[in-house]
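Below, subunit A partners subunit B and then partners subunit C, in two separate complexes.
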Partner chain A sequence: MNDVSVHFEGVSKIYPHFTLDDLSLELPTGTIMGLIGANGAGKSTTIRILMGLVHQDRGLVHVLGREMPREQAAAKLDIGFVSEDMRLYGSATLAWHMNFVRSIYPQWDQPYAETLLRRFDLKPRQKIKGLSHGQRVKAALLLALARRPRLLVLDEPTTGLDPVARQEVLGELMAVLADEDRTILFSSHNTLDVEQISDQITFIDRGRIIASDNKEVFLDRWRRLRLVLSPEADLPSLPGVVEIGGSGRLPVLVTNRFDPAMVSACNDAGATVQAVDPMTLEEIFVVNVHSRREKQTV
Partner chain B sequence: MNYAMVKRLILKDWYLQRWAILASLAGVVATLGIIATGGKVAFLLGLILLITVIIAIGAQMAVSTIVTERKEQTLPFVMSLPISYREYTASKIWGNLLIFLVPWLTMVLGSFGLLLLSPSSRGLLPYAAIMSTEILLSTCLILALALITESQGWTVAAIMAGNLAVNGIGYVVAHIPGIAKGMWGSTIQWSGAASAVLLAEFTTIALLLGLTFFVQAKKNDFL
Partner chain C sequence: MHSDLVISQTDGRPMYLQIMEQIRQRIAVGDWEQGKEIPSIRQLAVSLRVSVITVKRAYMELERDGIIVTQQGKGSIVASDPKLGAKLYDQELDKHIDRVAQLGELLGLTPKELASRVREASDRLTKEYS
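And now, the complex of A and B:
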C-alpha cells in the first residue's frame, strides 16, 4: 500500500438528497490528481471522507496506509488540507497561526514558510480579518505547505480568487510538484486550473466517477471530427463515439478513442473529414457529463 | 487519546478568549466589591450582577468557541489538524470548563469569604454553595447542547433554560425545610438536604458530560 497514497474501494455515502455511489479510486504516490466535477457533484464529500471528517456508509478508505476514519489523527499528521470553506481565526495574526501549526508538526519547515511569506507578499503581524480573500487562501496554503505534507489535499482552493492571485497560487503548487514523493489531490470545477497542474484526471458527476485516466490520454484520445457526407453515404460507424452533433450532411462526432486510421476509414465510407479538432479538458468534461446523463435518462 | 493535542487546542481557545476571560474576571471582582460595601441594596444589586456576569461568561464561551467555530468556518482548519473528533470534544469540554472555572471559582471564593466575614449572613453559605453549583450545572448544559447540536438556536434555548433553572431552583431550594431553616442564621447549618441537593447537582453534571462524550462518539459527519 506504500506506493498508493489514497485508496477508495466501493465507497458509498447516502444523504437524503445526494448519494456518493460505489466510488473506487486510487492515487499513486507522487501523482497529482485533478478531481473535476460540477457544483454538488460529490467532490467535497469525497475529500471529506478522505480526511476522515465524514464517515462512509460502505466501503474501504486507506490514506497513506492508514484506515480512515479510524486512524484519521495519525494520517492527518502527513496531510496538508486547504478547502474553499476553510477560514483561519480572524482575531489572530498569521504569525500566531504559524506558531500554532509549527507546535503541532515536527516537520514544519520555517525557512520555507518565510520564503512563502515573501512570495505571497503576506505580513505575519497582520490579523487574518484584515486580509483579502486571496491573501487568506495564500495564508491557508502557506500553513499547509510549510508542514511539508506527504499528501496535499486541495478542495477548490482557487475559487473566488482574482486572476493574479490564482496564478500565484497555481505557480506555487507547480513549484511544490518538483518533489516527486509529494502526492496532490486537487478538486475544482475550473478545468483550466486542473489542466495546468494535474497529471491524472478524474471526472465526477452526480456522486459517481464517470472517467479517470492520465491527462495526456484524455487529451490524445478525445477528438472532434467534422465530416461532410456525400449524398449516398451513411454516417460511418466509428469506435468510441460519445456525441453526434451538427446537421444531416455535416455531422460533428466526438470520440474518446481517436486513432489517425479513423480518417481513412471515414473516407472509405464516403465521408470526408474536414477537420480533426483537439479538445480542451473542459470540452471533454462537458461532453462526458452530457453523454452519461443522456444514458441515464434513456 | 492524544493529550498533548488536547492541551494545544485548549491553549488555543484560552488565547483566543483571553480578553473575554479578563473582562469576566474584572466583572466578578467589581460585583464582589459592590457586595462588600455593605447594605441591602448593594448586596442585592451585586448579587444580581454577579449571577448575570457568571451566566453570561459561560454562555459566551460556548457560543464563541463551539457555535462560532462552525459558523465562521474555522472548524475545517481545526479538523485538518492531526486530531480525532474525540480529542476535539475533550478539548472543548475541558477548555470551556477550565475557562469558566476562573471567574466561577473567583465568585465562589469571593462570596464565601464575604459571607464568612459577615457573621449575620453565615447561614447563607450552604445555599450559596448550592446555587453556585447550579450555575456550573447550567453552564455544562449549555456546553453540552452547543457541542451536540452545533446550533445557535439550541444553544440560545439552553441559555434561556439555564437562566430560568437558576431562578426556579433558587426558589425551590430556598423553600426546602432542611435548608430554609438555617438560611438566615449566624451559624452554618449543613443539613442532609443541602448535601443531597449538591450531590444531585454534581451527579447531573457528570451525567451531562458523559452523555456529551457518548453522543459525540456516535457522530459520523463533522463538517
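And now, the complex of A and C:
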C-alpha cells in the first residue's frame, strides 16, 4: 500500500504558447484534492500528464507507485478517469457501455453499478445521444466508479450540472472516500464544490502552482482585516499581507498568515480593527492570483 | 450510522465549528449518550458531504475539550466524564443568561429587577415540582 497516490516532482511541459513550469505536488492516499485554476491555467495539462496522455518534458511523475508515462498501462487499470470531452458512443446504449467496460476491467462491480443507475436516475436502455449533458456526465462517472478504481481523476466533473445533479455527484464522490484506500483528484473552477469536499487544495495559475495546502489551513490563515487608523498613526506592518485596499484612514488588508494576536498588535499601534472577515476559497483564490500576477509584471 | 447534523452554507462560521456545536448539543440533550460510540470521521464526512479533514478537525478539537475520546483504529465515543453534561449545560445556561441580560437592557430593567424576575421563575418551578 502506498501512502502517496500521486507524486509530481519538478514537472515541466513546454508548448509554443503555454508552459507548465516546475510542478511539484503530492496527494496522500485516502484524500480528495481539488485543483483550482482559471480556464487555461494548466489544470487539464496537469491531469493529462498524470494520466500519461501527455508526456512531460522534464520531471518525475508517479501514480499509484507506477512511473508515468512508462508504466501507464499498469497504472490505468486502477485509475478511473472522467473528463469533459469524454467520448461515449452516441448510438450505443448505456447498458452496452457498461458491458463493454465490464469486459475490459475484471474488478467491475455490477451490484454497485446498478445502485449507481438508481441513484443517478439513469436508464440503461437509453442511447447516449438522447442523454442531457448532466446525464452524460453521470453516465461517464458511473462507468468509472463501478470499476472501483483506487484513484479517481475527474476533469471538471461538476461543470454544467444542475444543482440536483451536482449534489448527487458530490455525494457519490464522498461515498467513494468512505474507503480510506481510495483517492480522488478533481479539477474545477467552481470553488464552492472544492471548498465543500476537498481535503487538499492546489491553486494553479499560468502554468504554475501558486499555493497548495490542506483546506483547513487555507481557511484559517487567510483573513480580511478592516482597520480604522487614528490621524497620527501609520499603517502597521503585519506579516503575510497579500493585498492592501481601502482608502486613507480606512485601509483593508488581506493576510495569509493571520494570527489572533494581530488584532491587539494593530490596536496598540493606533489602528483599530473594525472587523476580521473569514474568506471563502473563491476570494482567497482571486486575491492570490491577482497578487502573483502583479508581482510577475513588475 | 446515520447522523442528523445539518451544515449550513450560509452560516458564516467555518464548517468545523458548526459540526462541533451540533455534536455538543446532541450530547447535551442526551441524543448521543456518554460512553457510546459516535460516527467515525469518514462516516460523518460522507453523510454530511464535507471533507474528511474538516470533520477530523472538529473531532480533534472536541477531544481536546474532553467531550469525545478517539481510540486509534476503534473510532470515537462520547467521553464518560460525569461532569461533562454539567459542563455543557453550563455553557448552554450562559448563553441563555446573556440573552436574558440583552432583553432586560432592551426593556430598561435594572440588574436588580432582572434578578428578581429570575428568582420568581425559579420559585414557580420549585412549586410545580413540590
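General observations
Convention: the second predicted complex is superposed on the first by the 297 of 298 C-alpha atoms of A that agree within 3 Å, B and C clash if a C-alpha of one lies under 4 Å from a C-alpha of the other, contacts with A are read in each partner's own complex, and residues count from 1 in each chain.
The rule is simple: a residue touches a chain if its C-beta (ideal position, glycine included) is under 8 Å from a C-beta of that chain, and two chains touch if they have at least 3 such contacts.
Since we're looking at a predicted model, the values are computed, not measured.
When both complexes are overlaid on chain A, the residue A:178 reaches subunit C alone and has no touch with subunit B. In the superposed three-chain model, the partner touching more residues of subunit A is B, compared with the other of subunit B and subunit C. Once chain A of one complex is fitted onto chain A of the other, the partner contacts of A:214 are limited to subunit C, with no touch recorded for subunit B.
Touch criterion not met for A:239: it reaches neither subunit B nor subunit C. Of the two partner chains placed around the shared chain by superposition, subunit B is the only one that A:73 touches, whereas subunit C remains out of contact. With both structures placed on the common chain, the touch criterion links A:53 to subunit B but leaves subunit C unconnected.
By the touch criterion stated above, A:28 is placed in contact with neither subunit B nor subunit C. Shared contact residues on subunit A (touching subunit B in one structure, subunit C in the other): none found.
Taken together, the subunit C residues at the contact with subunit A in this complex read 9, 12, 14, 16, 42-43, 45-46, 49-54, 57. If you check the complex, the residues on subunit A that touch subunit C are 30-32, 167, 170-171, 174-175, 177-178, 180, 192, 196-200, 214-216, 219, 278.
On the side of subunit A, the complex with subunit B involves touching residues 48, 51-55, 72-77, 79, 81, 83, 85-92, 96, 100-101, 103-104, 140, 144. Across the complex, subunit B meets subunit A through its residues 2, 5, 8, 12, 15-16, 72-74, 76-77, 79-84, 87, 220-223.
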